[in-house]
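Structure first, commentary second.
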Amino acid sequence: MGGGALREEINVLLFMDPGIDDALALMYALLHPNINVVGIVSGYGNVSKEDATLNTSYVLTLANRKDIPIIEGAKGPITGEISVFYPEIHGETLGPINVPPSFALPVEPFSKSFELIETYKGNITVIATGRLTELAMLFVLHGDVLNEYVNEFFIMGGAFMVPGNVTPVAEANFHGDSIAANVVMERAEKVRVYPLNVTHKVIVKPETIQKISSTSQNPFQPLILPIYTYYFEAYKKQWPGIQGTPIHDIVPLMALVNDELIQYVQRKVSVELSGEAKGESIADFRPKTLVEEQKEPSYIAWGINEQAFLKELTTILIRPVK
Amino acid sequence: MGGGALREEINVLLFMDPGIDDALALMYALLHPNINVVGIVSGYGNVSKEDATLNTSYVLTLANRKDIPIIEGAKGPITGEISVFYPEIHGETLGPINVPPSFALPVEPFSKSFELIETYKGNITVIATGRLTELAMLFVLHGDVLNEYVNEFFIMGGAFMVPGNVTPVAEANFHGDSIAANVVMERAEKVRVYPLNVTHKVIVKPETIQKISSTSQNPFQPLILPIYTYYFEAYKKQWPGIQGTPIHDIVPLMALVNDELIQYVQRKVSVELSGEAKGESIADFRPKTLVEEQKEPSYIAWGINEQAFLKELTTILIRPVK
Amino acid sequence: MGGGALREEINVLLFMDPGIDDALALMYALLHPNINVVGIVSGYGNVSKEDATLNTSYVLTLANRKDIPIIEGAKGPITGEISVFYPEIHGETLGPINVPPSFALPVEPFSKSFELIETYKGNITVIATGRLTELAMLFVLHGDVLNEYVNEFFIMGGAFMVPGNVTPVAEANFHGDSIAANVVMERAEKVRVYPLNVTHKVIVKPETIQKISSTSQNPFQPLILPIYTYYFEAYKKQWPGIQGTPIHDIVPLMALVNDELIQYVQRKVSVELSGEAKGESIADFRPKTLVEEQKEPSYIAWGINEQAFLKELTTILIRPVK
Amino acid sequence: MGGGALREEINVLLFMDPGIDDALALMYALLHPNINVVGIVSGYGNVSKEDATLNTSYVLTLANRKDIPIIEGAKGPITGEISVFYPEIHGETLGPINVPPSFALPVEPFSKSFELIETYKGNITVIATGRLTELAMLFVLHGDVLNEYVNEFFIMGGAFMVPGNVTPVAEANFHGDSIAANVVMERAEKVRVYPLNVTHKVIVKPETIQKISSTSQNPFQPLILPIYTYYFEAYKKQWPGIQGTPIHDIVPLMALVNDELIQYVQRKVSVELSGEAKGESIADFRPKTLVEEQKEPSYIAWGINEQAFLKELTTILIRPVK
C-alpha cells in the first residue's frame, strides 16, 4: 500500500525514546498520509528521558506539529534501577545534533496517555519503539481495559534465536526493562512484535539516505544525512564490515500501513526476567509447534520484504509535511 | 501531642487500599485537627482497586469531604501478575458493609498524585498503607525530584525478625509487590517504616471500640463497631486467642502527629524480591551495627507507646468531623 | 581417520545416562579400535539411575566387557529436586527391551571416577552424554586438579540459537541440571561442547540402520534395529515428518577419533540457571565477536560432516567386539 | 546425662570444616565416653579443604586416634563458585596455631562416607557442623536410602528471626552453600537443626576455659586456651562488648548425648537460595502454627540450658582421651 490516499488515517499513540532510530520513525509517522499521531509518550531508553523529550520536541517543532501532545514517560526501568545509556550510539541529544533546550515543548503528565486511549477507544493503535516501562505501567494501572480500547500493540523488541544487541541473547528494549517487557507480552492481547530478526534484515545504505537527502522537500531534510551518518559510524564499531544500518524503529510503523511488508508467525512470547538471559524473548519454535495450528493472538514478525521497505522509505521520507 | 491545636496542619497525600484497616486510618486522618488530607491514591491491595475506591468514596462522603481528590491507583503489582485478595479478612467491599456503587465519587487520573506533590512541594508528607506499587511508579516516572518535594515518606510495611502475616517471613504490603517495595526502600530518602514489629504490638480490644462507638459524635460512628467486629473475627482465625486486633494502618498517621509515640532505629532497608523469602524486609541488626553510629536516613519504628496509642485513638475517633 | 589402526588408543571415562542414545554411543565406544573405555559413570537422566546402570551392565555383558568398571552416578540434579524422566522417548529400561535385573553388574562407588582420572592422569578424556551432575560434583570435590589431569572434556549438551528439545530454548542435558551444567562450563578448561546445533544435523534413516543390522557381526546386532525403531517412533511425535533420528550421544565420541568430522567455534559458554530460559546455553555470537580473535579454550561444535558421520557409523557399528 | 557410663556409645559420622569451632567440637566428640566417631568428612568452609583436613589430622594425631578415617570433602559450594574464607576469625590453619604439613594423615575418598553409613546402617547419626555441600551430594547420589540408614541428622546452621553472622539474615553454614542447605532440609527426614538462636545463647567466658585448661589431663590441653583466646579476640570485633564466645559446633554433639540440654520446636525448614536473603533459614512461626499440632519430623533447637552446657563442657573437655 504505502502512501496510498484511499486508506483512512490510523490513529497511533507512540511510546518512544528518541534517539536517532526513534526520531527517524517519528519523522516517518509524521510524514505518512495514513498515520495520525495522537500523542507521543517520551521516556528514557536509548537516551535519558530529558533528551528523549527534547528530541521529540525538536522533531515536532520542525514539522510544525506542536499540536501533538508530548507525554512524559519514565526515567528508568520498573525495578527502580538507574538506567544506563549508550551515548556512543545515540550521541548527546540527537546524535551529532545538540538540540538547544529552548526547543523544549510543554509535556503532559503520564496519565494523558490513557486519556488519549480512552478518547480514541476502538480506533487507536499503540506503537512502542523503546523500553516497555510506560506501557507496562498502563497495564498495572488499568488492566485489561487496554485490550478493549486498543486495536493492536505494535512493539519493536526482542530477538528470537539470533544474537541480541546488548547481550548475547537480548535486544535493548526488552533487556532495558525485562519485567516491563514481560508484563506487556503477558497482558497485551493482539500484539505484533518486531524483533531484530526482521528489523536487522534491512540494511539502509548511505546512497539511499543520500538520495533521500537530495530530493526531500520537508523540514527534516537537513537532519537526515547527519544523523544517519552518525548512526552508521556507531554501527560499524559493533558490526565491522556492515554496509549500512538497520532502522529498527521504523519497521512497526511501516508495517502498520503496509500490509504486505511483513510475514508473521503466531506464537506466545515471554521474556526472561533475570540472570544471564535477562531480557531474552522466548517463543516456542520446536518442530512440533510448526505443524500445530497456532491460536495465539500474538504475532511475531518473521520475514520482511526488503525492496518494499526501501521503496517505502524513500517515498515517505521525502514527502512534504502534512 | 495528639490533637493539640497549636500545631500547624500537616499536608498528607495518602496511598491506600481500603479495606477496614485503611478505612480506620482514613477516618483518623480526616478527624485529626493537625492532618490535612490533600489527596488519596486508592488502589488494589487488601481489596480490589474498584472496592478500595468505592470504600474511599464512602468514607469521604460520610465525612462530607468530597472535596478531597480520589486518585486512581494500580490494579495489581508491577510484575503484571493478577493480584490475590484476602476477602476472609477484608470482606466484600468494606468488611460487613456492602457499600452501594452509587457512592462512587469521580476519580482523578494517576498523574494527579504527582501534581499534588508539586503543588505542595516542601510541605507535603506521603503516607502509604497499602502495596507500594503506585509510589514505586512515581519514582520510575519522576525519580529523585520526589525526594526534593516530599518531606517524608511514612510506610506501613515489613516485618523484621518477626513472623510475617502472609508468609512466614513477609508482611502483606511488602509481599504483595516486593519489587515496588524495594524500589521505594532504595529510592526514597527520609523514609519511616512502620513494620509489624510495632503495628502488631498494640492490640485494640472490643471494649475500647465499644467505648468509642458509644461516645462518638461523628458520621463514622455507625461503622466503627461493625467493621471492627468483622475484623476481629477474621483475626481470631489467624491468631487463636488474640484479645483484640492491631490496627496497623493507623500507626504511621498517628506517628506523624504524635512525636513521642514511636521509638526508631536507623537502618538501611531492602526487600527480598523473589524466592521463599519474597517480600521480606531486611535490615542489619547484627551486634556490630548496634554500637556504630547509623547515618542512614531511613528510620524503622521499633518501639511504640501502647497507652499513648490507645488514648489517642479514643480521643480522635470520637471527634466531630472538621 | 575413523577406525584407523595406526592411532593410539584414547582412554575415555564416560559419564552417561543410557537410555537408547547413550547405549548406542557406548556400543560405538566399545567397538571403536581407538577408544579405550576405562570406566562408565552411570546416572539418572533420560532414565533413572537404576535403569541406566542396568542398561550399562547389559551392554557391557553383551560385549563381554565386564572388566570395565561401572561407577554409580547421581539419582537426580544437584538441587535435590526429584528428577523427571521421559519414558515416552527412552522406554522402560532400554527402549523396547526390558533388561532383566539379573544382568546388573556390581557398581563401584562414585569416588572411583576420580581414582580413574588420577590413574590415567595426562592421558584421559572425559566424555559426558548425560546430565552434568556427576562431573560438577567432581569439580566441587576436587577443583582445578581436574583440569590438570584430564586432557579434554567432551560434552553433549546445549542448543545455541536453535530450539531446545525440552523447552523452547533448552536442551535436555543442560536443562536437567542447569546448575551442574554451568559449573562444568565455568570450571572446566579445554571443553568441547556438542550442542543440538550439530547433533541434530545428521539424521540417521531407517535404511542406514537396516544396513548395519543386516551386516553387523557383533553381539549388539539384535538390539540395533529394535531400539532404533523405538527411538524413531518417539521422535516422530516430536518432529512430525522427520525422516530418521539424530543420535546425539555418538557425536562427541565420533569427534574424539575423527578429527575432520566437526568444525568448531571458540566461545565462552555459560548456562542460564533458572527462570523461563533455565538450562539455555549462552555464548556470544554477536557480529563484533566474529572478527575478533577468540582466545577462549572452549570449543563449540558448529558444523558436522554428515557423510563422514554416516560412513563412520556404518563402519564401526558392524565391527566385531574387541 | 552427660558422660554417663551406662549409655551405649553412639556412632557418629561427622561433616566438618575445622576451624577452631569445629576443632573444639571434634575434641568434645573424641573425649565423650558415649560418642564413637566412625569417620570425619573434612571440607572447605571456615577454612579451606586443605587446612580443614590438616587440622583434623592434627587433632586426631594428638588424640592418638589415627584409626578414625578422614574423608575428603568439598573444595567449595555446589554452584562451583570459588568460596571465600574468613581468616580473621579462623586464623591460618587452626587459629593461632600453624599446624605443620607433616601432620597430614592420609584421606579416604568421598565415597567412604556412604560406605560408613552403609556399614553402620540403622545405628549411625550424622552430625554436620560445616557447609552442607557434602551431605547434599550424598542425597544427590544416594537419595532416600540415607533416610533409611541414618538415625538422625544433627545440623549446626541457620538463624530464625535473629540476625545472621555473615549477612543480616543468614548464618555462615547455610549461606556458604544455600543450595546444599536447602537440599538437606528438603530431603533429610529426622533432622535436628541447631541454629544461632541456641548456639549463640551460651557464651563461654575466659574463666571457664582457664579452668578447663588448668585441670585438663588430655593432649588437647595445650591448645584449648590459645585457640579460644584467638577466637574470642576475633569475636569481640564482631560483637563489641561480648564477654566470651559461643562455641556453636559443640551444641549438636552435646545435644546428642544430653537429652535435657535442648528444647525443640517442630517445623518444616527451608532455605532461601539466592537474592538478598540468600542462605536464610525459614520456618513458619506465625501464631496460627503455635496451636496447631506439628507433625513435621524436623526439629529446631529453640531453647538451651546454659548451666548444663557449661557443666558438661568443663566435665568433658578435661577428660583423658579414650
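To keep things simple, chains are lettered A, B, C and D as they appear, and every chain counts its residues starting from 1.
Going forward, a contact is a pair of C-beta atoms (placed from the backbone, for glycine too) under 8 Å apart; a residue touches a chain by one contact, two chains touch by 3 or more.
None of these values were measured; they are calculated from a predicted model.
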Number of hops, chain A to chain D, where each hop joins two touching chains: 2
Find the chain most remote from chain C, comparing centres computed as mean CA coordinates. B
Taking each chain's centre as its mean C-alpha position, how far apart are chain A and chain B in Å? 40
Quick one: chain A and chain C, Cα centre-to-centre, how many Å? 44
Whole-Å gap separating chain B and chain C, where each centre is the average of the chain's CA atoms: 58
Counting only residues that touch at least 2 other chains, which ones in chain A make the list? none
Considering every pair of chains, which are in touch? A-B, A-C, B-D, C-D
Could you list, by residue number, the parts of chain A that touch chain C in their complex? 161-165, 168-169, 237-242, 270-277, 280, 282-288, 291
Mind listing the chain A positions that touch chain B in their complex? 72-80, 109-112, 114-115, 133, 136-137, 139-143, 179, 182-184, 186-187
